[in-house]
Structures are given as structure tokens and as C-alpha cells.
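Next up: some structures, all given as C-alpha cells.
Shared chain: subunit A. Partners: subunit B in the first complex, subunit C in the second.
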Partner chain A sequence: MSLFEHNNNKYNIVGKDIKRVDALEKVTGTALYAADLYKGNMLYGGNVRIKEYPAKITKIDTKEAEAIPGVVKIITCFDKNAKKHSWADYCYLTDEVKFCGDVVAIVAAESKKAVDKAIKSIKVEYELQEGVYTIEDALKEDAPIVREKGVGLIDGIPNKEKKGNIFLDSYYPIRKGNVEEGFKKCDVIIEREFNVPFIDQAYIETEACLVYNDPKDGSITGEASAQNPFFTRRYLAEASGHNMSESRFIQRTLGGTFGGKEEGVGVQIGRAAILHKATGRPVKMVNTREESLMDSSKRHAFNFKYKIGATKDGDILAAEGTLVDNCGAYNNQTQFMNWRASVHSVGVYEIPNVKTDTYGVFTNNVHGGAMRGYSSPQVIFAQEQLMNELAKELGMDSVELRRKNIIRQNTRTATNQLITEEVILEEMMDELLKRTDYYSKKKEFEDFNKKDNNIKKGISLVTVYRGAGLGAEGVDANGAFIQATEDGSVIINTGLAENGQGLQTAYAQIAAEMLGVTMDKIHFHSVDTHAIADSGMTVASRGTTMGAQSMKLAAEKLALIFKEHVAEKFGTTVDRISCKDNYYFDIEDNFPANYSSDKRIAFKDVCNERLWAGQQLAVYEWFRPALNEYDHHIGQGKAFPTYTYNVCIAEVEVDVETGDIKVTKVTSGLDCGRVINPNMVKGQMLGGIVMGLGYAITEEIELKKGRILNDNFDSYILPTSMDMPEMDVVLFESETKEGTLGAKSVGEPATEAVAAAIAGSVGHALNKNVDHLPCSLESILKYMD
Partner chain B sequence: MLNYFRPKTIKECLEFITDERVYIAGGTDLMVELKKGHDLSNKTVIDLTHIPELSGVKKVYGELEIMACTTHDDIVLNKDVNKCLKALSLACRTVGSPQIRNKGTVGGSVGTASPASDPMPALMLADGRVVIINKKGEMREEKLEDFIIKPGVTTLKNDEMILSLKVKSLEDYKQSFFKIGRRKALAIARLNFAMAILMNNDETIKDIRIVVGAALPVTKRFYDIEKKLIGKKITKEVIEQVSKQISEQVLAIAGPRKSSEYKIPVIRNVINRMLKEMEV
Partner chain C sequence: MKLQLNMTVNDEAVNIEVEQDARLLDVLRDDLGLTGTKEGCGVGECGACTVIIDGKTANSCIVLAASMDGCDIKTIEYLSKDGKLNPMQQSFIDNSALQCGFCTPGFVLSGISLLDRNPNPTTEEIKEGISGNICRCTGYEQIIKAVEDVRDKKYVKDGACNE
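== the complex of A and B ==
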């Protein structure tokens, strides 16, 4: 059995319910968020935007605004050198407004009030242009061109020989086997189309930053609620024109990000840097909720067209699909994200013939970006409803159809990657089926639904897998620094960032375990770009599985150096020395009594000795994984070093007379390799269920010609505690040599299957194909028509 | 310049009333409006939160007088309301969140004239009347249906304020309230309904009251349909007929809108269901 609680744990700290190291500061409110920062002589910054898009700005009148007391500086897109492209593809200031977040002028003033007043007083004149807003419209032959670089389709494939709205860099094909031949052998072939809308990360803390000059640090210093410190430094340096070595970025405590505080915070800090340069004073910018919703990237809206075929016994022989996402007007994410979408485009199933095309289209909407899953919640929603539909068509139990086709050890994925590691997916399915009493419930619900009742009940299981870390999307390299001090306490420093996911605690556990010290001895230094090397972004659920590798290496190396010290001292060998709870001891014998009366040596004494002897107390290590062999032209090869597996079962009650859905229970089982901290993994899974529930039922960015209609949480509907189902989360462990101490991903797998399972159970309750999200009141009534 | 007054008595309050007055009771609407850019400069804000006489429920002669600044939570907890107008306590229970229920007032809910007000259907159910007082101390009463003209607009004059709401005790009636929102809390009603029924011994209807909110610009009670039901038994046919008539009436008034696609069939379904439950 691979259930976590049945496994033996050889570690002292890893695998234990260690309390989060940042828990106290968060629950007592002492954690310092970017919006909490103040500097003497500080100015407040603000953005001027228009309400219709796309448009060409013709005139900006700032006279009235300049006269407002407290207004210090106004910079418009017409000022010299003001219009500048940012690293994220869009401009800090622009006269060509393409979407609701575009900024035409920025203001710095002595007070927030003066900023707001100035923004209202600035008169912007513009010529409205014809826009494109939906995927469907973007693909029309005569659609207006949103971006110069957009291409068209030739024979259904994006081709640069033709103008259009497709973002060529975001195109990823998968070509495995021969789908035409595959379909010929199928007894049943179905085609289905699915749609999902944009949704927002909806973190409680909106984006905030402070930019100032501390001559000691260099020329410019920024602090912000940024998910990716090194990524943010790029904007700071770029917008201010300073060398990166003179641009220091410090990450503050994050009040949620989920992928949202990447380019949005980068551009924000860039604008603050421009105002800081112009005024010579510290500048702070804090987004309102409305600005946050307008400006921050969204989970991509997608359109899926799938065709899938199987023999009458349920062997899936071929799958074909076109996955098109709405990039919005700008992009720095779809070209990466769609690779992941393509790799997972036909789910966790072994299918011999696969042909899928994944690409994004430019529109005049807010841009798609990262949001917990990076395409997987969308793809899994569509893919798993497709499986349910295929099962229905085959007259087969949908769980059995999955069981028959799932990836197992020594089978090949859609990218033809041979899975050599242990796969416990079937075992996980069986455990969850048992725990939920799935089959008797299913029968009970179906009998119940035959009655003339306004409530219909449904249950559905989905199976998914997820490539851990960046895979062939990038290089999962990272650095870590560990230093012991003379009193036996240890500072750890890494290029990966605490984003609320519990990274500090996991890293501290790993370092403590390797060194043999207790958790209270480890202090995690959060990211300061002047103190550690660029280790890439803290994304793709790579933090622990890949990002902690260098931390483990560094701690391991320091532990070895210290053991050598102790061994040498007593004329014994390193393999006989162990350290636990801050004391070294001999694993077979005891240390000579003349050294230590209790026959052990304190870690702090070793540190102290080494300091005064001028011996090494710190280690810096770099980790670079083996590169994956992957052919991006046909989407074939080793996509990821290892995969996380998840099984999710949702149960619902649907009121077919009102469209109201009550999610009664969600059971989620996760194989994330070695569990570093069970409570934190469970926390991630519970949070993942909550987010998945919102995606399934209530959340949707409502757009009208690019304008976001629901721009605050009164109308952008997040589920509340009253909407929560009973939740059961189950941890599994499987063997992998790839992740840090065998750990795989948690953050994104925890949420990616939930909406699919809820939609599946709604589909089961209504006996319909749920073909779009969210399952709103209105959509349920339509299914019942 | 903004003037702000916080009177301690109704008498004191009346003195502060000017043509530019804006009342703040719970602030659950005004604060949201302010954030949206509602301009209060040159207004006189009168804070009603410190007038004890403006809060509480009195029971007089088969009626309840609910003072304007009684909060939703006060109503939920009030024994007389629970006994005489159960539908109102059920309705107030569904308002927003605990914070909003602790702050928001029934007078405010009526005064802002939101078509999606949760207490409104229950107040109309009980022939709710608004008691109004003017600067001179003169009082008048107006039926809720007449008081509310359209969303956000009432007959309240600049020199007037809402003093209380008077509702008939429906103690002997079977009552219900039903709300549909996009989530289980902190939801603005997509639709809300209140119903009350009094039966004769021979299982015929002695009196029935049906109100639908959030479907039309003003919450509507269906007097004509109610009248025709008196003396009838609640049969399956009657239920079908009533729910059909109500949904058709709403459609006729609202006209074909995008939201009608959802609301019209759901009104029919819910009225049908509520009537069935009344029958039991």
C-alpha cells in the first residue's frame, strides 16, 4: 500500500507535521506586506487608463491635474522616451491602447487622494478602433488584426505566410502514430467541443510595490508583492535604465499569487521606477481591487475541439484535438504555457495515435497568464468530460474506461515518453472508490434521479497526471546558500520564493534534516536579489521537487564538512558520525568521555570551533538537472523527469428548478512522491478544492468589448465558507529518483482536477455533457431545456 | 465642504435635515457608493447610528412597527418578528454576511430601493407601510408599493426621513421565503420570493400573499392573482395555473430580456414548489 500513513519514514523532520515557520507572523498580523511599507518623503503613484479598447490616443490634457495641490509629476505616453516596451511584451506607457490594463499616463503625488484626483482630472482624447474579443472572432478570415506579429491558419495549421490573430510562438503540435489509421480501427468515435472563460487568481492582497534609492544597495531598490523576484528585477533595471547589479529587489510577504503576481507586478514596479527616476523620491504603488482585476493576467479562456475513438471494449486508439486559448492583447506566457497544454492534451491515458494542435489567439481582452495549473484545469475539464462522454457512448462504466487506458509503468505518454518510474494510479483509484463507496453511491444516485424530484444527484471520478517542474519548457536549475553561525543557528538562502505555499518551511525541514539540527535553528532568508543568484521563477510547482535540490546539496555538503571535522577530531571515520537534535554522536560507540561528559558533541560547539579556526562555515551549491530530449516540432520526447498523479471524486446535488448546485463532497488523492510535510500538503489540497469549486461553479470574468464588468468581489463571485463541501484528502507516496528526496509537485495538482470532477458529477446528475464552465445557475437551466 | 452630524434623538435629527442631506444608517450601501465615486462634497451626512429610538420592534394592535435603524440581525433575533412575520426573519437571515447583517438596517434597505432587497418581499407580504417624518415633525404613511418608484428612487422628499416600517402580523399564516443567489452567502438575490397563506377549516384558501423580488425594477406582490385564489383549494391544477400566471405576468412587465431566459422558468418552478410546500 502506498498510503502515506502506512509508509515507514526514515527521517526525523522530513515527512513530519512541522508547524509552518511563518505561521505566527501571519496569524498575528505582524507579517510585512509591500503595501505596509513606508519611506520618508515617499510619493504615491497611480495609473491613467481609458474605458474603451482598442484605441489610439490623440491627446492628453494634464493642465488641470498639474494644478492640484500635491501633484508632483505626470508622465504621459507622449513624453520623450516614455513609450517603452516592457519585458512582458506590453508597454509601461502607450498611446496604442489594446486592452483595459494599458496605461496612457502615470502620476506621482504627495497623497493617495491627490493621485486619485489627478487621475480624474486628466483628459484623454482617443480614436476608438475596431476590436476583436472572442476566440471565434479572432479566427474569422476578415477579423481586424490585433497584433502585427499575428499569423493565420493554412490547412488548419498556424502559418507565418498568412496574416491573422494567431500567436505563432504559442503553437505546439503533438504528432504520435497515425490518427487516420487509428480511427479506422475504432468502433466508436465521438466529437465534442468545450469552452472555459477567463478567471482571476483573486488573491486577497492586491499588487503593491515601493521603489526607492538606497545608495548602499546600488542605484535603485524595489520591494514588492512579487512571485518571481529575479523576474521583477528585470523590470526594475529595464524601466530605470540601470544595470542589474545596481538594481536590488527584495520580496515581501505575499498575500496570495497563484501565478498572478508575475508580469503584472513587474510592469507596476517598472512604472514606479519611472516615477522614482523622474522625481528622485521613493514611490509607492498599490493597486485597488478594480485595478488588480483589470491589470493582472487571467487563467486563459480556452476553446477545445476533440475527437476520440475506441474499440467496443474500450481501448482508446486515437485522439485528435484543437486547443485554442485567448491570449489577450499582449503576451509573455502563452508561448510557454501552451507547451504544457499540448503535453497533457489527451490526459493521463496511453493512446497510440495522437494528433493535437494547441495555439493562442490575440484579442483586445485582458491577457491570459499563469494561474495555478498553467492550462491544466482547463485541459483536464475538457479532457475528462470527453472521457465521460466516450464511456457513455460505449455503454461502459466511466471509471472502468479510465482504468483500461491509464498510464502505467512502462507505458508511453502522448509525447511518446516511456514512463519508467513506479505508477500507483490504479491503486489510488481503488482506494478512493472504496473510501467514497463510489459504486453504491452511484447506483443510489441514479435510482434517486429516476424519481420526480427537483434535486438530481451526481458523482464523478477523474484521473490526472502532471509533469513536475518546468520539464522541457525550461531548465529547472537553481542555487542555494547555507551558512552556519557560531551559536549553532543556520541561515538558509535560496533563489526560490515563498509565495504562501510553504516553501520556507519545506526548505528549512530539508536543511534541518540534512544537518541534524532542530527546526528552530534554521532561519530562512527570503529572496533578496543582491544576496543570491537568479534561480529562475517559483512557478510550475517546482519549488520543492526541483528548486530544493540545490538546498539539499548545500546542506548535505555542509553536513559532510562538519562530520569530517568531528571524525578527524576523534580519529574516526565520517560514516560513523551522525547528527540529531543539534548533537553529533558516534553511531556505534560513544565519543571519548574526556571530550564530552554526555558522550556527544554540540553542533554549536563545532560551529564555534570552526569559526575561530578560520574554517568554512558556509556552502553555496548549484543544481542543474539533465536536459530532456524533446522535439518541439512534433511534440515527441521526454517532456518531464517525473509526474504527479491525482484522483478526484466529486459529489453534487443539483436543483434543476433553480440551477443551484450544492457540492456535497470532494475526495482528492494525491501521489506527490515523498511527502515533506503532510499537513502542508493537505492544506494545499484543501485550498485546491476551494479554488476548483469556484472555477466549476461561480467564477468568470465577464467581458464586454474588452471591459471587465465584474471588477470587484461583489460581482466576481468567489465561493464562501458557506459553499464548502465535505472534503477528504488522501496522501499517497510513490518512488522517484528525480525530485528532492523523492518529492514531486503539490501546489497545482491540488486544484487541477477539481473543476473537472465537479463538472463530471453535474453531468452525471443531469445525464448531460457539461460543455462549459462555470456551471452557473443559467447554464443548468439551459441543460434542462 | 461636507457636513457631518450625529444626532442622539429623532428631534435633534430633524433639525439637521437640509435639502442636501444624505443619511447613513448601516452604511452598507453608502460606503459602496462612495467607493464607486459617489460625490458627497457639499452634502450633509446625517449619521443615524446613535439614535436609540430609531431602533427596535414594537407590537401594537395586530401590527409590528419596526424602527428604521433596526439591523437585519436584530430582526433575525426578534421574537415578535419570528412569531408574527416569520418570512421577514427568514429573509433577513439571508442578507449578505454576518458583518452586513450586523450593520445593515431595514430602513436603509427600503430607502435605497434596490430591486434585489431581501427584506422587501417579506415586508410587502405583510402590507408593509413606510412611516415618514418631515423636518417639521409631520408624519405620513405610504404603502411600500407606492413609496418605491424605481430602483434607487422613492417618494421620500428632501425634508423627510424614514421613521419606521409598519407591517401586519401574519401570525396565523404559514409563511415562507426563498432566495436564489450565485453562492450561499454574500450573494445579491438573483431572485427572491415570499409567500404567506391562511387556510379555512374546509381546506380552502382564506388568504394568500405572493411576492417576487429581483425580477422587476420594483419587487412585486401579485394582488390580482391572490384575490382569485380565495375560497379555492390548493390543487395541482391551481398550483400550475398560479405559477404560470405569475411568470407570465413578470415576462409581460419585464419584456424579453437576456435574464428572462433564466428568470421566467425559475419563477414558475419556485412558485410551484413553494405552493406545494404550503399545501403540506
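== the complex of A and C ==
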């Protein structure tokens, strides 16, 4: 790993390799995940599903199941007062099964075994209906209608005047310049189509929750493996019929999520709440891996149709595209995610004329949702293969084509946003070209490939950018609470959640830095909705860049109050007071070189004095960024306050006899703005590379009429340690006024370009356009036919 | 049908009645409260449920509890029983070899078991040795480095390190 620091790091704790604050409980196995919770008198819950979809349920016979010893309660979709629809576009129970995850009855029993027995004994009768499963079929004129609200196309544009399968709220156009005029000036115009499948987040912890009643807290308490505590509380309150003030949600250690533990965990806790209400007993629900794969959202499948044109010198003048994603049966995320897809629909390139249309279609598949990138891995895959194809057509080096067209400072994006900040993308490209020895390797590989050999080698570079945080998709606001205690230790608390990405550690570093205390003094209290206000969701890689802003403000304010306290004691002004390693001192005293005990005061002593003097020891702060001016009707305006830039180079060896691909090396460079913790950023990037490798080569949800065929890890193949390539990660810093202490996003940028780079290098090895993912054995052999 | 089972878990004698089809994983978690052993897939593919049975790693989700009569079982809880961390645990912390932490107990045990069998593995042998455990967060590199660091301090049996 290399780190290119932008300027001298003036911090003591920020920017350092601080060890994770949650590491100890994780290596000892004492961290409590939701499935590790047990309560006296607890029942286990389970779900009844059918195996064909769509279907109208006609009858559910529970008689046999009810007689099983240990079965306490069965609630079906036909029960009179059964709560069926959730506040979102999703059902707790339904008699109109639209996809494999839909639940027709729920069961509570004394043991897991009794639950399983009951599920098998419940007889469900249904009428099978005609379904729609692919994007292509969903767009056919005579396609069965999956959802009442679906609309059709008029002149290629989604229009509510016509029935169809398009989800209107997920439609986002981009209209910049005039593409017809632009194409007229082009010497070369190409058109290409790309497809990517659904894939799963495949966190190792499946979804789990426990719902019980603790009268002290109100009417209902839930604990779960949820990505977003406040979002999950909505389901808990709604399903149980209680006010939010009486519905308490406690965040448990989360065993991975990557966007997946949002609505799926919401409906799960809703179902557990319904069973809890019906039985008056604690109810625990834990998904099996098969259930997790059926029920949880997937990275959307996409179909891309692109047209792009350039002058013979490689100036791209116009780009046009239709980006259609498969929403599945419910629209939990597509209406938000497609906005991001549209903003980034023509990549990190300055193109004067752009016309793209992005929309989702309903099908009878598992629903598309969030997965690390939120459309970017799909869009970048297609967009970057398109760039490689354009370079080929122009007879130009594909890196030089990118260099010629990338966004720079004072250029405009596809949404016509003027980039005023420093952009270091070209320097990043040059550094990565140098450290991979790209051009020598490229020539070496091409010479090698001319030989009669089963192995073909390839190398490919991609350039991308990513809007940091929510941007104009929502308001990136957040709150944080910090309280010092009389012994000098500090509790910090925010509405955003640790997902495993290291949020607690980053926030603790920021708080410790602002206060001048050591890391061991800071304790991060994970989210309890009764203890802190809603700060929105922990999504969009916003945790540190935007979410920590309020933590910084709160810690800064507390630091100032304490410094004023010390200044008064020292009889000096506040600007002369500093705190380091838990001691306040006068900066003129050149602490700690020549301090004496009367010239310093311990942080804990200040805390103690203030407690007994009845002075403030805690601060709550709220951060709300400036709103972005954005016109969603034409997709023009300021989309994001700042962007993260990424360059990725992949190298592969393809066996054209067997179709086997070995990814030999991935080099990834990321513009982090400011690096808060190098080792943890490195961890994000290494993990992102291997996750991207899975997307490129092995991962695909195999569907047959909406049924998931590969429903466990013996058939849904994830990369293991044997598949990992040599990895080189490079962290760059750059100047930005946005983002906490100048930090940009990391989590999603770490993975979004990888599959595109691998596909590009496979394309280079085979001299083909890789037009779909994954690059499976079969698909490689097909390219060779 | 229930069966009487005698086994040793983390050096303590356990005498317990189990269902004849109960999985070892469920007995450890639900009956003995040893929740450091996790369930990820239930089919022996992900390694989150790794335990050490008579000195060898096993996926406890596909082991029948009833077959454990007379066996010696060690779980993640064994390693820091005396309040001190095993060098492998410390090395995972030092190398940022964990993120969400759900797979971590399994990896720590696989790493220890590998070094027990082969105290001086090459990097390739380490990759192979941990390939039965899946991690979705880290990309494995820092995990491999954690095992290498323990190896390089001349790891010996029972978790002690010779500097």
C-alpha cells in the first residue's frame, strides 16, 4: 500500500493507523449479534412461502401444524385482523404472491424444530398466474402486468397514460446539450448493448431479530442485525401499531450488510412484532441462508443500450443511453438508486451532449435493492467497456482516450455541474500506469497472445468517479451527542450505525482529535433509538464524509467549552489553550517538552470540576449541508457536493480451452480526500477488490421463473482466499472543503470499478467486447466460438 | 428421541441430553451459550461455525452432536479463557484482519489449527489452510498477514509465542 498525502497531517489521531475500537469483542467471540440473543420464555418464529410465482393463494390449511407439540401461534394472510401491508412497498403477509420471498403465513413455536415441522405441515393451495421475469419480457406490449402502478412507454419514454411494467418513480432522464447535433460532428459512432445479472450481498451473518416487551421502554423493543436502526424502527412501530416513542430499537453488532439489511430486516422485525403481539412472548427470527437469498434484496440486474460518438482525434461529443434495471416485484430502492445511475450514466467524462433515460421494470423476481455501489458497479461495467470499444474503433489507446476526456477542475459533468474543486484523476492515472508498468505489460501480453497458446493475457485500466454521500437524492443531515464523564472518559453517540466498515473507530478518532484526549477515553455507544435522534440511513458511503460532520461539530463545541474553563483558571485567553494526551496546557509553554505539573491540568480534572460545579459536560449538534440545486426533470444541476475519484487496473490470464480466468493482479487507487485511518481504508479497498472479483467472474443469482436455483454458498460461489489476486492499493489525498475534515467516500468506491477493470482485461486478452457479467466459464467459451 | 452425551468443551466436562438429530452448532449455541460459534450457511461451506474437534477443525453445522460422545471440543471462547488473548487473536487486531467480525472466530481457529499442523506454512499454504472460511469484508489479505505474523514469531502449541 502507498499513501500520497496531500499536505502535512496536522492531526495526532486522525490519519493514523488506530486499531479498531470494536476488535476485542470480535476476536474473542463475545460480540453479540442478533442471533446470539436469547430471552426467557422466548419463542422462535418462521415463515411460510410457496415455490411458484406469481400466484393467488386460495386456501391455507393449518390444522395439522397446529397440533404439533410446541406450536404456539400461526397467523395466515387470511386471518381477519392480520397486518398485511407494510408502510413501504412490501408485505408482511400476502395472498397475492409476487416473488419467491413473499410470505403467506407466519409461525411461532417453542423450538426451531417445531417451527420447521409446522412450516412443512401447513398446506397452501394457490392458483398459479402468468409471470414476467426478464427485462425484455417486461417491456413487451402484451406482457402480463406485475403491478397495478406499472406504466408503459410512449415514444420510448415512460408515460402514465399507458399501462405496462415500468415503475414511473424510478425514471430519471439526463438532457444536456443536443445529442443529434453532437453526433453529426462525430467521425466515429458506435452502439453497444450490455447486461448484468442480480447478485447477492452475501454477508456471512443472515438476517436476525428479537422482539420483546420491556415495559420500562414503552410497548415494544426490537434488536436486530439492521443496517439502519431508525428505518427498522419504522417497521417495528408500524407492524405492532405503537407510537415510535414507545417502540425502541437497539442496534446489534452487524455481521455484514453491504446495503442488504435494510427493508428485508424491516419486514422480518415486523413479522416478529406481529407474532410477539399475538403471543405476548419474546419472538426471535433468524433466516437460514436459503431464506436470506430468497428474501433479501439483490444488486439490480441491468440492461444497457449505449450510443457514443467522437471525432477522429478522440474528443467525445455525444453519448446516448437507455439504462433499464430489473426492480423485481417490489420497489423498495429503485426510485432512489436510479437517480445515482442517471447522474453517473456516461462516466467520469466531459461530454457536451448527453441524453440518457434510466428506469426500472417490475418482474416476478426477487426485488432489487442496495448493494455496495447502488448502481455504480453495473453502470461502470457497461460504460467502461463502451470506452474500450470506442478506443478500438478509433484505433486509439484506451488509456489515452480516457485521458483526453476525463473530468478536470473547471469542467462540467453530465448533469452540467461545474467541478470547482481540485481533481487529481490524471495524476492518479499516471501513478497507477507507472507502478503497474502498464504499457510494457500491455505489449508483452499482446505479443504473448499472438503465440498459439491456451492462455491469453490481458490488462485494462478504468477511470471512475462517484458522488459522495446522498447528494441531491436526499438531505445529508445528521446529529451527534458527546458527553464527558467525571473520570475523563467520553461517551459518543450518533444516529448512524457501525456496519463493520469501521464507523465507530473513525468517529472515535475524530472525537478524540477534537478534544485532545487519547483513544482509550472514547466509548462509542451503538445506536439505541431511545437515546439519540434519527440521522437518516447509514448508506451511500456517507458515514464518515457527511455523517461524522455532526460528531466533529459536537466534539469541537465541547472542546471549546472546556478550553474556556481552563483559560479562566490559567488567567489567559482560550486561543492559548490546547489539549493533548488528556492534558490541557498553555501553548506558549511548549508542552510537553518543559511542562511542570502546575502548568497543566488533566482533562479528567476539568470534567470533575465541571460536574460538581453544575456546568455543562455534554453537547448535541446537528449538521445540515447546503441543499443542491438540481432539476430532476432534465437531470441538470449540482448533483453532489464532492466526488471521489478512482482508477483501477486489472490483469488476467484466461484459459481459452477451459474458460477459466485467473485474476493475477488488481491495482486500485482512490482519492480519499483526507484519509482518517490508512489501515482501515486499505481494508475497505482490499475487501472491495475481492468483492468486485466475485461480481466479475462467479456471482450470479440463477433464476428460473423467479425461483432462485443457487440458494446457498455451495452453488452461489463467493471468492475464497484461493481466488484472491495480488493486490496493490494506493490512497491519494486531495483538497476539498466538503466532507468531515476533508474526507471523501471510501466503502463503495473501493469496489465499484473492479469488475469493470477485470472485464476490460478479459476483453483485452480475447480481443472481444465483454458484453455481460459474470465472465463465467461458459461465457468465455462462447466468446471463443 | 433424546440421547445422553458426554463430551469435553473448552476443557470442561459436559454431560447433556440432546435430540438425536441435533447439530453440534445448536448444542454449543442454544444449550451451552457459546455464541462465539456462528452459523452462516448451514451446509458446511462458509466456515463461520468452525470449532476444533480432537485437534482438527470442523464445521459444527454439519456435525451431529450425538456423534461427539467422548470428544474434545474447543470453541473461540477457549482461547481467551484466562483473560489473555491468544497470539492469533492479537495478530488479527494488530493487522486489521477483521471488519464485521462475524467470520472472525472461524478464521482465528482455522489459523491456529493450521499452525498446529504446520508451524511454518508458506503464504500459499496459509491461503489453502483458510480457504474453508469465507470472509465477505476483508479480501483475506490482512487475515493472511495476521497468520504470517504469528508464524514468524515461531508459534508453538497452545497459543504461546516464542519471540
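Rule of thumb we're sticking to: the second predicted complex is superposed on the first by the 769 of 785 C-alpha atoms of A that agree within 3 Å, B and C clash if a C-alpha of one lies under 4 Å from a C-alpha of the other, contacts with A are read in each partner's own complex, and residues count from 1 in each chain.
Everything below uses one rule, namely that a residue touches a chain if its C-beta (ideal position, glycine included) is under 8 Å from a C-beta of that chain, and two chains touch if they have at least 3 such contacts.
Just so it is clear, the structure is predicted and the values come from calculations on it, not from any experiment.
By the touch criterion defined above, A:Ala202 lies against subunit C but remains apart from subunit B after alignment on the C-alpha atoms of chain A.
After overlaying the two complexes on the shared chain, residue contacts for A:Thr720 are found with subunit B and with subunit C alike.
Annotation for subunit A, partner touching more residues between subunit B and subunit C: C. Of the two partner chains, neither subunit B nor subunit C is touched by A:Leu139. When the two complexes are overlaid on their common chain A, residue A:Ser776 makes contact with subunit B while staying clear of subunit C.
By the document's definition of touching, neither partner reaches A:Ala567: not subunit B, not subunit C. Once the two complexes are laid over each other on the shared chain, residue contacts for A:Gly502 go to subunit C alone; subunit B is not touched. Within the superposed three-chain model, A:Gly29 lies in touch with subunit C and out of touch with subunit B [touch as defined at top]. In the superposition on chain A, A:Ile689 makes contact with subunit C only, while subunit B stays out of contact range. Judged by the document's definition of touching, subunit A residues 714, 718, 720-722 lie at the interface with subunit B and also at the interface with subunit C.
Against subunit B, the residues of subunit A that register as touching in their complex are 454, 657-660, 698, 714, 717-723, 776-778, 781-782. By the touch rule above, subunit C contacts subunit A in their complex via residues 19, 26, 29-30, 33-43, 45-46, 48, 75-77, 79-80, 85, 89-90, 92-94, 96, 98-105, 108, 126-128, 130-131, 133-144. Residues 32, 97, 180, 182-188, 190, 261-262, 265-266, 269-270, 272-273 of subunit B touch subunit A in their complex. On the side of subunit A, the complex with subunit C involves touching residues 17, 19-20, 22-33, 35-36, 38, 112-113, 201-206, 253-258, 286, 288-289, 499-502, 679-680, 682-683, 685-691, 712-714, 718, 720-722, 724, 727.
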